[in-house]
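Here is the structure we will look at.
Order of writing sets the chain letters: A, B, C, D and E. Residues in each chain are counted from 1.
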């Protein structure tokens, strides 16, 4: 890995109260791949097999039924890390040992059950992360769900347990549940709020969806309007989310959302980069394309972040 | 046990991140019985006494009230393994020590209680499996149940605990619950999804029911149709399930379903074998017949798999 | 204790996978009292104070308010064992140390609370059983209750814990709960099913109520009729229950049910004995009578079993 | 594995107080290899690298520097088991998973240190044995050493720990130490005594050196002479050692001793077989020869035991 | 880190029975620094402050009194790893997080005490290694010491504990003690034996001193002479040590020994490289020189290994 440059050191300084192990693993991700040393992130996450089923996830590009495919894609593209549930890592981690930092997604939800409140199941552990050589764990919370307390409390315990053995935690913050409208799930006030909650819960890296300019909560709406918080462009909204995540002192990355056309996707990424977002976590948009196209897309995305540095 | 041939070695290589103990026990099952060395499986499971009551299970062939009967049947037929709940193994394991690999079924459900959400009770432990000389544990999940999280989390802990002492885990993946229609329980999209979930949860061997060509989930239906995934014949459907289980890199076996006529049963098995299924787990269809007929049926099934090799 | 005769040895051989401690304690009960060496059991259980209140239990024979009374009754009658909750044993065990094998009933339920699902509380432990010199623990399950999983899982852990220190477990299997009609609680299909479940959960001795010829579950009814399983007489029904308990290879004993007239009671016992039942566990019918009558009744019951040997 | 024949079942019956797991692993060794089903043993042990250094052990046949060599030799020769210290198993167990039963030698001694009293160091654990898929652990005691208590007490704890997880223990009983003359280390009274001690400490299999007709202890000498215990031939001496190991109810196997000429070696084996010894554990005499010669020797040895059956 | 090349993958394959975490950390060291991807090692160890005192260690180059100095030296030189006791890592690890793989030396010995038998004290733990973000632990054994058993047993527990959390173990194998002459400490038979012992104890990387052609043990001498094992040149001796470490399937690295002139040192390194040694671990010879000279020396050493690849 290249010597960490000043930006990497600055980011690590935001995590001063964490132990050296946690910082080392954050550095491992920041010092790996095509964006090594820039403090920017492009992560490949593949939990859609669990979340939506194999066919819905992999039929567009059948090579992706094989867990090895994603490892190799993340390595070839020069991603900072590859994130997946236990089974996928179990299957392929040995073959690719040491070639790309891993994030073990320790909770997951499928779409077969009808739950009273959205709430993922814990599907792996910090012990698994260590034995599989991972650099972080990942956990999904659904702010807005009536099962919020279950998730926040599980997360708190996992963050602490992971921290003690030197592993940072990536929080997938997806607002969802009885408390929110469908449109509200990506409202700027809600996304910013979810990012703040994640930081307060001890997240080292926060993942949110790109926010829209919709405002969900009436009380929030009043404030955003009174203080004329700029939320018109993606760059403005991202800047506000990053500000809401401890004023830029926690790493916030943005998902690509549903698979769609390349131009729109890159436009979003340019907005994220312009707004000071730390990077993208891009799953379906990458692995559902033929590999050459996926590599091209990821390279373009990395290029945008590199230039935004 | 015979020297592992190339197919057995190849299958073991799919479990590279597991310890040698787990691989040794997988090998013990693959190197035992009439299908030794082929990488194919025919397993005798007898948990119907617990699941449906003794009379419903054993009245058709009263010799089967005696747990010894099933052990001897599995041995005489040359099955790769015999799976049962704690009590049956306690009763007979000593008498047949070392004669057939055992799978301890560690959770079970009866049909006396009316549960809010389908969810089996844990009825034995990894400690029991070790003291009884078992080669694996077995656990049932009901994807589609509102108690999904309870089961996934119990399974996760058991898989890890078993793994550490060298025991693989067989997952009985039975989609069931409020989230699914009756017909949906064996829908191809649901069965494939249940297989994927099992793999992600760390299953070493996945057991599903033979799928029908019905499609349950609207979002999945669109994808199956758009990509024209072939699901008309049993072979095609099995091929898709196997693909959904890490592209053929996890062992997937198929139950025989409700007891019925031999011709239909063997036709299904031929489809499973043609589609690349790893084998059958056949309970009622075996032990509810008179022993000579059961031996004949199991021999015929094994023959189909041997030729498909 | 007298040398175990052939029947005792045969019964012990059914518990081959248990350690010598468990077998020794089973032997202690089988080699004690008036039925020593026959493999038959008459046990005095007194948990009605907890289950129904003291007055409902002991007012008919006020001497029975004193726990010493029951010990002395079990000793004088030559019972194989005396079973009671913690408090009763604490009170009197010291005085009668070594005079009769004890079974510590480790869970109990009162009739004051209204539970969502019937489920007893754990009221003592394996540690208590050891320090009180007991020969077994006892545990009640309610198959049919929505709290089934709680009970099965507690039982599983207790069986394992007890086993490791050489104590067998007696399971009181009382079908009860939302899943069953009142009549169904003693239906032959349900009682046989409850016996099977108890055996699968690792019970060394199963206690059920004498079954009626009613059939509760439609699916079971079909099977009983199709295979013409004889259930008309008590002897036939008991034979079926014993068959359902691992084909006679687990000890199954029968309660006397509600207190009633002696003739009917003895008629039932004759049916149990004729059907191959291992014995009776008789509480209220014994201790609610004046002691001389109780001794007479128990002697008559023992006589029936001795002759049935 | 072949169905256990009567002799295997008889031997297992000697271990009736052990759990099924222990018996299963004993059966695994007895049902494996060229002597499968005979109740006879030929085991390949390779701990000489640790005990005497690599060059002294492997220079005569340099292929043997590679741990894989010994696995393959044990497999090709059809040995019942292969025994080695941790490092050798770590190195090669994954490659040969499931192909030969393994015995993890959990203590070892080197010849670099000058110890006050001979006493091996514990070099691996029951946990290691489970994760490496072993069928037994092995432990060396030096009866005659002033450090006897350390060894006997360590062994006792290991035997219990191993037993609980279903692993039998093989005891290497090498009389040695201040209490004995050099000649006395293989004296018939001493070897027979060491075998008895091993059995009393809970050994499932005892390994001793072939005894000479020398008598070391004066008190013992008197008795051997008074009762005219036959010790002139190897067969007589082996018969006495086997008798001293619970009258033939514990498995006793004999080492080949220092590497030497084939005729003398086979003569010894014939004596061991004639005297009712359960088999041989043959290290240097096997792996220090060129592989074809080693295979020939082991085949000849197995032949002798097979015929003695 | 660069994609692992074929040699790195081959070396990792020697550790097949280890979990992915252990392999990942081995890969981290092999994929870091100037020798990344070659499978060769140059490690900077600085435990001399503890072992010999600060002045004896650092007076020749006073900048080296500051622990930061050594980190920066290891980073600037492109070493694969930096090894030190707890205090040094505590002091500087936070500042350099993620810039060089760390080995926590978990036992140490000073030269103030007069011990009965040489034996280091445990000075830190696996927990420390995790919270400090280390890639391995290091442990010193003194084969030849009367305290051998204490050390081997401590090591065994640490190897297992570290392994379970994904950390490999580096064993410093220094033959020393009552059993050996001073000259014998670096005798070829003793060094080769110490390497074998370390491998058997589960070492992932073994560190020994460069051996001389002296033969210490009479029994060994006979064998070396009988089989004409070549030990005249450093390359021959290193080849024999590597062979003694599982035939080249464990990583063996060589210390630089006492500080001395550059030419002699590089001559040794050339011999080590020519004999197939995996690399050098070079402390005093590096940090006691002025930094520019140290960097020059380390670059020259790395150059030799790179060319030997």
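Throughout what follows, a residue touches a chain if its C-beta (ideal position, glycine included) is under 8 Å from a C-beta of that chain, and two chains touch if they have at least 3 such contacts.
These numbers come from a predicted model, not from an experiment.
Shared contact partners of chain B and chain C, listed by label: D.
Two copies of one chain, chain D and chain E, touch each other, and the residues they use overlap weakly: the shared fraction of interface numbers falls below half. Counting C-beta pairs in contact across C-D and across A-B gives the higher total for A-B.
A straight line joining the Cα centres of chain A and chain B is 36 Å long. Between the Cα centres of chain C and chain E there is a gap of 67 Å.
Distance between chain centres (mean CA atoms), chain B to chain D: 39 Å.
With touch defined as above, residues shared between interfaces to two or more other chains in chain E number as follows: 17, 19-20.
If you draw each protein chain as a dot and join the dots that touch, the picture is not a line, a loop, a star, or fully joined; it has some other shape. Checking each pair of chains for touch leaves A-B, A-E, B-C, B-D, B-E, C-D, D-E.
Contacts from chain B toward chain C in the complex involve residues 49-50, 52-56, 59-60, 62, 65-67, 85-91, 93-95, 108, 110-116, 119-125, 127-128, 132. On the side of chain D, the complex with chain B involves touching residues 1, 3-4, 8, 12, 19-28, 30-32, 75, 93-94, 97-99, 130-134, 164-166.
Within the complex formed with chain B, the chain C residues making contact are 14-18, 143-146, 148-149, 151-153, 156-157, 160, 175, 177-180, 189-190, 192-197, 199-203, 217, 219-220, 223-224, 226-227, 229, 240, 243-244, 246-247, 249-250. In the complex of the two chains, the chain D residues touching chain C come out as 16-17, 19-20.
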